[in-house]
Structure formats: structure tokens, C-alpha cells
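Before I ask anything, let me first share the structure, which is written out below as C-alpha cells.
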Amino acid sequence: MRAIAKAIGLSAACAALTATATYAQQDRWYPSQWGADDQRGAANRITPEKVLEIKDLITSGRIYQLGRVYEAGMPLFGTRHFSLRIPQAFGPSGANEFLYFDEVVSGELGQIGTQFDGLGHAGIGNVFYNGNRTEDFVRAEGLTRLGIENVGPIVTRGVLIDVAGYKGVERLDGGYEITAADLEGALRRQGTEIRPGDVVLLHTGWGSLWMQDNQRYLGSSPGLGVAGAQFLVEREIVMVGADNWGIDVSPGADASVAAPVHQLLLTRNGIYQFENLVTEELARDRVYEFAFFFSPLPLKGATGSPGNPIAIR
Amino acid sequence: MRAIAKAIGLSAACAALTATATYAQQDRWYPSQWGADDQRGAANRITPEKVLEIKDLITSGRIYQLGRVYEAGMPLFGTRHFSLRIPQAFGPSGANEFLYFDEVVSGELGQIGTQFDGLGHAGIGNVFYNGNRTEDFVRAEGLTRLGIENVGPIVTRGVLIDVAGYKGVERLDGGYEITAADLEGALRRQGTEIRPGDVVLLHTGWGSLWMQDNQRYLGSSPGLGVAGAQFLVEREIVMVGADNWGIDVSPGADASVAAPVHQLLLTRNGIYQFENLVTEELARDRVYEFAFFFSPLPLKGATGSPGNPIAIR
Amino acid sequence: MRAIAKAIGLSAACAALTATATYAQQDRWYPSQWGADDQRGAANRITPEKVLEIKDLITSGRIYQLGRVYEAGMPLFGTRHFSLRIPQAFGPSGANEFLYFDEVVSGELGQIGTQFDGLGHAGIGNVFYNGNRTEDFVRAEGLTRLGIENVGPIVTRGVLIDVAGYKGVERLDGGYEITAADLEGALRRQGTEIRPGDVVLLHTGWGSLWMQDNQRYLGSSPGLGVAGAQFLVEREIVMVGADNWGIDVSPGADASVAAPVHQLLLTRNGIYQFENLVTEELARDRVYEFAFFFSPLPLKGATGSPGNPIAIR
Amino acid sequence: MRAIAKAIGLSAACAALTATATYAQQDRWYPSQWGADDQRGAANRITPEKVLEIKDLITSGRIYQLGRVYEAGMPLFGTRHFSLRIPQAFGPSGANEFLYFDEVVSGELGQIGTQFDGLGHAGIGNVFYNGNRTEDFVRAEGLTRLGIENVGPIVTRGVLIDVAGYKGVERLDGGYEITAADLEGALRRQGTEIRPGDVVLLHTGWGSLWMQDNQRYLGSSPGLGVAGAQFLVEREIVMVGADNWGIDVSPGADASVAAPVHQLLLTRNGIYQFENLVTEELARDRVYEFAFFFSPLPLKGATGSPGNPIAIR
């Protein structure tokens, strides 16, 4: 993999992503290193050996919840929605007066609130991870390939990169691009290393705007640039998470391209994304290494998953 | 807690639950042992010390997925529904032809498919866990108390009780009541003990009917009876899960009561339930002890959560 | 009916509605004049003879659409929602390449956008039209009585009362209460009379804010006061519609009561309401009498109906 | 129009529809006779003059409801769904104890239950009415052209053709193709003529299976064949309705083509369809001519509309 990553090369990737639309699909990123039929991408890096790494990371038994509550009034991208209602009671039934409630929920689950992006979420034109083409796998009733049910649980070593802390601010500015140098600098400051199969979370401080100033939260935000993302790709990780809405910096350096980090991570490298995370407590407690757990909701044929991932140290 | 459980007493509880409707709320089960304001019930048993127990349970790094895929055609109780659709693509945008998909989902999430019952799900008449009354906490826009967002992650020792194996069958019969003696016998056969703070999963074999014969799956099923449930309550566990649709045996021994195990576990004791689990692989591999992980989807004010809990050994 | 209306009396009704909560259910409004089992209320006034009245009202064949388009961005009350998505295509199938689309919609249909309030929508405490009690007819899966499917088509003479025009303004102010004197004055100015079985639409001018200033639209608005509503009740009409979100003036004259016009019309008198109508064109063209058509969407057990009622002259 | 219809010709149309996929788009059906920008198709035939025709058709004031109730358990095509739930009460508020209910609904509204097919529903490959191409007008958030909100009210002369009665049966057999000769024969028997701008309803008797035998209802059904549909096209009508689920006979005479009547009516000729109607009472009462009213629910960008159309005589 590292060989492949180097073959593409950082500068070449950047050049590619600022090139014309015609270019976009020129360099073939498939078949994937996990075979032409693979649907799991970097989740393949979660081996039993990797799972065993978590044992030494759990030292105090303290759990950090990294997910947001799904609720009315949370920031929603575009015209997506979230609705939850409690219907009338069912019952009471029987001499024991059994009575129960449920809830009816609707929304773009998988792409609202804290959201885990699967490999069927983002493509380069009509081509997705491992060369899957829209016309071949995207159906009204669900994706027939790359659905979120293929991912499986992600249990691995997690690393927090406190980029805001490295830059000496509470919150990075909207539009601030996190560079490879930032990542390297922050990791050095923390004394943390990234290993293959890790999950990497970025703390930008942007999350403090969640439900405080939704309009601003959803606007320009700090995030990864292509070079920073390439730095992570080369480290053979499983997933990148952040406390912003899109992982990508917004707006990006090049106004002619849209969400290039999505394409670099998801489409080209099968590396997952987790958006709208809560990283504040990890940063505050300087928890830079931890056991990470997330088990995607297996909605058949979905592009993503909601969830409440956790960190344990 | 054990003292309280004994004070209620097994025979008294059974008598109570077969008594008239007037009786149902006579013996007060509140305030809870965790205080009159508690909303988490047995999740309070998940302490950092308990979390640390999982370290020794993880020996091979193998992960078992215990959740079902959410899909069209799965068994659904009553008139509940599940719908997932992939809308038209968004994009392509930019010179890099960024294109993406999401999904629109609706359903009684929290009470369809693999489902985790929260403390706002089941009551005795209008009274729920810790004495919360319907009129005080159940609102159209979500429960104002006992919502699933209060539970927090459940990371603890898990125990599988292979009741089907103990009875020497592939699948227990519909209507078969799992008794305290069955649980004791099966645990003895396995050489497993239950400890406070554990999660207990029951393998009945009923899960093999899932999407094979939905009508039968949703009909009479093997499950826990009140005495069996009381046996588990006294062991101060956090949650009971099973490969059937309702934990309770259906129909129960006494036709005049409905789902008494729900009330004993959820309402009276704050012990959670997880329904429609996949326990087959654990039973086949004789994995009777394992690290258990589940992080409920924090749908604000919901009665339950969907999910894909995992076991690691 | 007129006798009953007089027996209650205008001043008594006003006194009642400003009295204490204890009072609210004191004067029994049931059984209804259409019998103790009636579920249709004032829709009973749509007789074949009344339907025949429309023949003379149709003179030019011109149709006015009175409903709003249901769309993202329309004003929504509270946390109600509306979502529409076009899924991926189905097909193409066959040598003829048959391909089709549908849409998945969710929302509080019946109570969003242009909305027709049924008799199960509003009550005085737990008592509704004709003495139906919440516990007897309101169920999770739909109302078992008073559902919108009982109403049937409303085809009758329609009358527009241009209150804004009568007051010499484009748009009445937020909080302006339309009085009985306003209605009488406006009718006199127009030379229009109200007859039993009619539908009455009020033009307040408030509709011009729709999707222009949603926040203002949903705030304080002009509307009917109790005395104005009583004036209409005594005229034995079928329905009141308006170009505001709630028929009732908001806020009302008495801050201690909420939506008293809803209760007077729907609960006590079985008279329907139609909110968020488009009355602008009728007012502009001085169409004060017309044939009115509306056929509620028969959503079984619903409290209301969306729709696009029409006026023909 | 008649000239155009003849130019295509019945035999040619049939030949076309049984030809290879390559053929399907060969004969251009656009621009439409109502101009290259038209989005309303045959609804353009609803002129004020046509509306005035209804006056003489209304003789008794009797209303027939032609729509089905939308409810759990109704026949649903494929994996479409319909869900309605009544949430918890809002209120009581104020001294007057104002309390209200609404409903949360989800489903493929526009394509479930009684459903009116708009011009964005069916295409020949990626080309729809008036040459609109999928890539140009079909978006996740709704159709940008041909949406149901463009249709406008359909108020016109309605004609029932009692095909079952003509064939002397209560219910035509599944798979029975209604031919042009059947239509002519039934019209002659009734003494009814079709005029330009009419709505035509077909009574097949199939509707008696609705909610009696849903599986059979949704299977093979009697319906229009291409030649019968062409007969109606040539009469310049606005809409064809029927008491079956698809207007088209199912299965059709040629197994290699799918729903050719949909394409002939909607795509090529801009003539609307109304499925799952109730025609039984009209047939029983021999109401062959009537005033027809339907006002599509203006769901912005939808492919169809639910509704309860009515006939008045």
C-alpha cells in the first residue's frame, strides 16, 4: 500500500485534484489493494491482531462518548431532516397493565448528525471505491454493493490529533486548512505516533459551535486539505474523524474542486470518515491514544451510519 | 439490591403478576436503588472497574456481530415499518466531479429489528422505572426523562447461556418457558458464572427462523418466564438479550398477563433488554464469556435504540 | 342549531372561555345535533340539495387554486417537518425500456402546509367533538373515531369575506382580532350573505408573508376572535378557511386561553377549519361567491388532511 | 392531435412497442402539441369552456367518492410503504385546556393507494414527456420539471366504461386485455360517447379484491392493452382511471415489454392515469356520465399525487 501511495505521490495527487474534470477519472484507483471484489476497504485492516492492541490501551476503564445526541434543532446539511415522535401508548394489556411506547423516526440517517461515511457515499463522477459504477450498484432500495452492512465493527487503536492545541487556539478558524505539517507538528508535540490500522481523530475546536451557532457551524469550517489527507493515507489508517461537518476544509484552497478529501479517502483509498464527532473531552484530558469502538448500524444498502463511537482508555 | 429482590421474593412476584389489574401498581418499586432521580438504571453498574474486566476476556481478538441487518422483508411487530431509499445523486460538483449519495430512512427505530429496550419503553399502567409517570415524561417530541440518550455505552463482561444446547435441541419450541432451573442447569453445564454488572444473552435457537419464516418467528416463541427473569434480576446484571423478538416467552404461562418479564426487568429493576440478536455463532463456538460492547444510538427522548452490539473474545 | 347557539350565547361563550380550567368542560356541547354517534359534524350540511347550489355559481368556468405548494422551506409550526425525496429510478425494464420514478414523503401531513382540520384535531382537555374522549378514540395507529376519512367531500357554496379590503389595508396587522362587526361590515360592503351549509373563507392579507418571511408569518397573526367565530357558528356553516396559520387570532385578547376558536368551531360545533389558504386571487378579482370543492385525503384515522381546494365561478 | 395520433398510427405503435430496446426512442414524441416547454400535457384540455360542461351533468347533487382509504394493510406495490402514527397530545394549554393531535405519515405518497400518475412518473429509457431527460429534471429534492404541482385541478366531464358489465361478468380475469373493440362495444351498450377533454374511468371489477385478497390484487390483473389505450388517445382525453393497480393489463400480451400503456399515455401523449380507484358504485348505479373533480396534492416535484377524486351527477 505504501508503495502504491508513493506511486501516486502527494504532488501528483494535488495536481490531479486541481486539474480539469476530464482528468478526474484518469488515474485508476482500482482494483483496490484488497482485491477487485472488495467492499470493505480499510476496514480490512481490522485484524484480530489489531484488535488485541486495545488491551494495553485500556488502563483506567474510563469511557468517552464521541457522538452527538440526535435531536430537533441540530445542524443539518442542506434540506436533510430528522424527525422523532412518540406515538400514543400501546396498551395497557392484561391484568398486569402492560403498556409500552415506541418512536417513529425519519431522516437521512447515515448522513445526519454524527455520521460515518461508507464507501458508497462519495464518488468521482459515477465511479466509486474499487471501480464500482453508479449504474451497477446504486438502486432505490439500497446499494447492492458497498452498503454499510459490509463494513463490520471497527475496534482498534485510536489516536487524537489536537490540531487546535498545536496551533494554540481554542478553535481553528473557518476555512483553515490542516496541512501535513500541522499533523506532523501536533503529533510531535503530543509524542504520539500513527500506526497502520489506527483510527485518527482530529480536534479542531469547531464542535463548540454545535447547537450554539448552527448557521456558522455549517458554513466555512476548518478541516483537512488534500495534502494533510494524503499524509494520513500513507499511514494506512482505517478512518479519519473530526469535530466538523465535512472532514474537508471548507471552502478548500481551490474553489474549482469540491470535497477532494472525500474522494481521496473514501473513493481512492477506502478510508472511512466520521463527521460531527465530540472530541472536546479527549483533547481536554489529553487522551491521545485510546481503544476505539464503533459498530456501524447495518442498514442494508446504506451509504453511511449514525452512531455513538466510544474511546476507552 | 439483593435484599430488595429477596424482599419482593420470587413467589410474591409471580403471585403479584397474576393478580388483578388493581394489584399491578401496589408494590412500589421506586425510588430505585440508584436514587429517586436516576434515569440510567442498571447501566449504573458499568463502572470503570467493570470495564477493566474486559481486558482479560479478550484473548484472540475475534469479533462476533450480534445484530441483524435492517432490511426490507425482516420480521416486523404489528404495523411497525422500515423503509430505506437512496435518492437521486447530489452532484457532480467541481472539476473533480464530486458526487454523493445519502439515504432516507423511516421506521420505528428503537423498536424494529435488533432493538435495545430503554427504560421509557415499558410500564405498569402509567408508571415506569423509578416511578416516572406517563403524564410527566412522555411527549410527542420525545421522552423528557428515561430517553435512550441517558443510558451511555455498555461495555462489560458478557455471558451466553445456551439454553437450547442445555435442552439438547437446535431450537426451543414456540411457547417454551425458560425457567430458573434451565438457567442454572445451562450455566452449570457450561461452567459459567454470572457476576454483577454482566450482560446475559440467551440462545434459544429461535433466531434461525429470521427471514426464513417470519410469520412463525413473530408468533409464539420460546423465552424467559417471570421466575427465570427473577433469577437474573437477583444476579444484578445490566441487560438480558436473546435471539427472539420479545425476551418474554410467548404466550406466557398465565394468559391473563402480558409481557410480565418486560415489567420485571425494565420497569421494576431498570435492567435493559436486547431483542432479535444473533447468538448462533457464539453458541456454535461455545463462546460463553466475552467482552460485550454496545453504544446506544442517542436519539433524544427515544424508547430504544437499534444497533449492532459485538462480542469480542 | 340556531336555538342551541343562542342558548349558549355569545357573552356566555366568551365568559366561559376566559374562565378557569375547571370551567372548560362544564357546559356540555354534546351530544351533537346530528346524534350521539355522529362523526361528521357540519359536513352533514352538505346535502344533495346544497350541492346543486353550485350549478348557478359556476358562470365562467374559471378555477382558483386555494392551496399552497408543499415544499422545503415552507413555514412549519413547531418541530413539524416535511420531506420529499426522489429515489433512484426503477428500471429500465423490457424492450421498451420502461423506467419510472416515485417519491418518498414524510411529515405531519394533515397539519403542515395548507391543512384541513378534522374533528379529531382539537379538544377541550380530553374531550372532543360529540363527547369523544381521548382514551376512547386516540390510538397510535390512528383515531378510531373522528378520523378524517369520515368527512367526505365538501362541495358547496363558498363565500369569501375580504376583511383586509373592508379595513382598507393590504394586510391586517399581526394580533388583529377579526370581530363579528368586521364580518358583518365586510359582508355588507361586498353585498354577500352567508347561508347555512356554506364554506366561509377569510382574506386577511397575511398570506403574502408565506415563504417571504416565514418567521413573521408563524408569529403573531391576524385572525378570528371568539365573537367573530360565534357569528359564523350561528350562520350554520360547514367550514372556515383563512390565509393565516391558525384561524384564531394570535395572540388572542385573553392571554390565559389558547386557541379558543379551534374549540368553538371544531370541538363544540363540528365546524371544520382550513389553514394556510391562498385567498389573494379571489380577493383581487372580487370573487365573493363561488362553487367550493374539497375532497379530504382519506388517511385512515388522521386528524386532518392536506389538499388543494378549489373555487370555481 | 388526431392527425399526430394517426401519423403514429395504431399498428405502428404496437410494432414499435414490441421492437427492440434500440427502437424505443426512435420515433420522437416531442415536442408536444402544447409546445416544447409544456409541462401539463393533456391537462391543457381543461379549459373554462370544458369546465362549464359539468353544469348540465350535475342533476341530483349526489357525490361518489372514487378514492380508497389509505390504511395499514392496503395493497402496496413492491417495497413501498405507508405509515401513519398519532403522536402524544400537545397540551393541554391555557385555562381552556386546549389540547390537540396531529399525525406523522410516511410513504411513497403519489404512488401508493389511490394514485394519480404525473408526467414525471414514467419514461422511455431516460426520456419523458415532451423530451425531458432524466439528467435534466430528476433531482433528489424533487423533479425540477413535470412535477405534479404543474397539473392543476381536473374538473371536467367524466365517463365510466363498464367493461366488466359489457363482458357480462362481475370481474374480468387477471391478464384480460381490454381491447379497442371492448371499449367501443361497452360505450355502444351504454349509449355513451367520449368527447375531447373528458376523463375516462374503466370498471373491470378487479377492485373487489382490494383488502380482500391483496396478493391476488397485486398479481396479474385485467387492464388496458396498447390498442385500447391508443383508442383513448385518439379521443383526446385528459386521463384514464381504473379499479386496478396499473391501468396496463398485467401481464401484457408481449412478455418482452413492460407497462407499454404507461408510456403511450404518460410519456408520448401527456395523458394522466389514476390507479386503484373505486368504480363499483358508479357501475352499479349505471352512472356513465358525471362531473369529475380532482385537485392533485401539489407536492413540489412529485411524480404523482394521492387523492380522493369525486364524481357528481
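Letters A, B, C and D mark the chains in the order given here, with residues in each chain numbered from 1 onward.
Throughout what follows, contacts are C-beta pairs under 8 Å (C-beta built on N, C-alpha and C of every residue); 3 or more make two chains touch, one makes a residue touch a chain.
Model, not experiment: these values are computed from the prediction.
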Where subunit A and subunit B overlap in contact partners, by chain label: C, D
Classification of the subunit B:subunit D interface as same or different, half of numbers criterion: same
Option in A-C, B-D or C-D whose residue-number contact pairs overlap A-B by over half: C-D
Cα-centroid distance, subunit C relative to subunit D, in whole angstrom: 29
Distance between chain centroids, defined by C-alpha means - subunit B, subunit D (Å): 47
Between subunit C and subunit B, distance of the C-alpha-averaged centres to the nearest whole Å: 45
Contacts with 2+ other chains: residues of subunit A: 72, 79, 83, 85-90, 104, 106-107, 138-141
Touching residues (chain side subunit D, partner subunit B) in the complex: 72-73, 79, 81, 83, 87-90, 106-107, 138-141
Touching residues on subunit B, where the partner in the complex is subunit A: 17-21, 23-25, 46-52, 54-55, 58, 60-63, 65, 67-72, 78, 80, 84-86, 89-111, 120-126, 134, 138-143, 149, 152-153, 155, 256-260, 262-263, 293-304, 306-310, 312
Residue numbers on subunit C that touch subunit B, as the complex places them: 79, 83, 85-88, 104, 106, 141
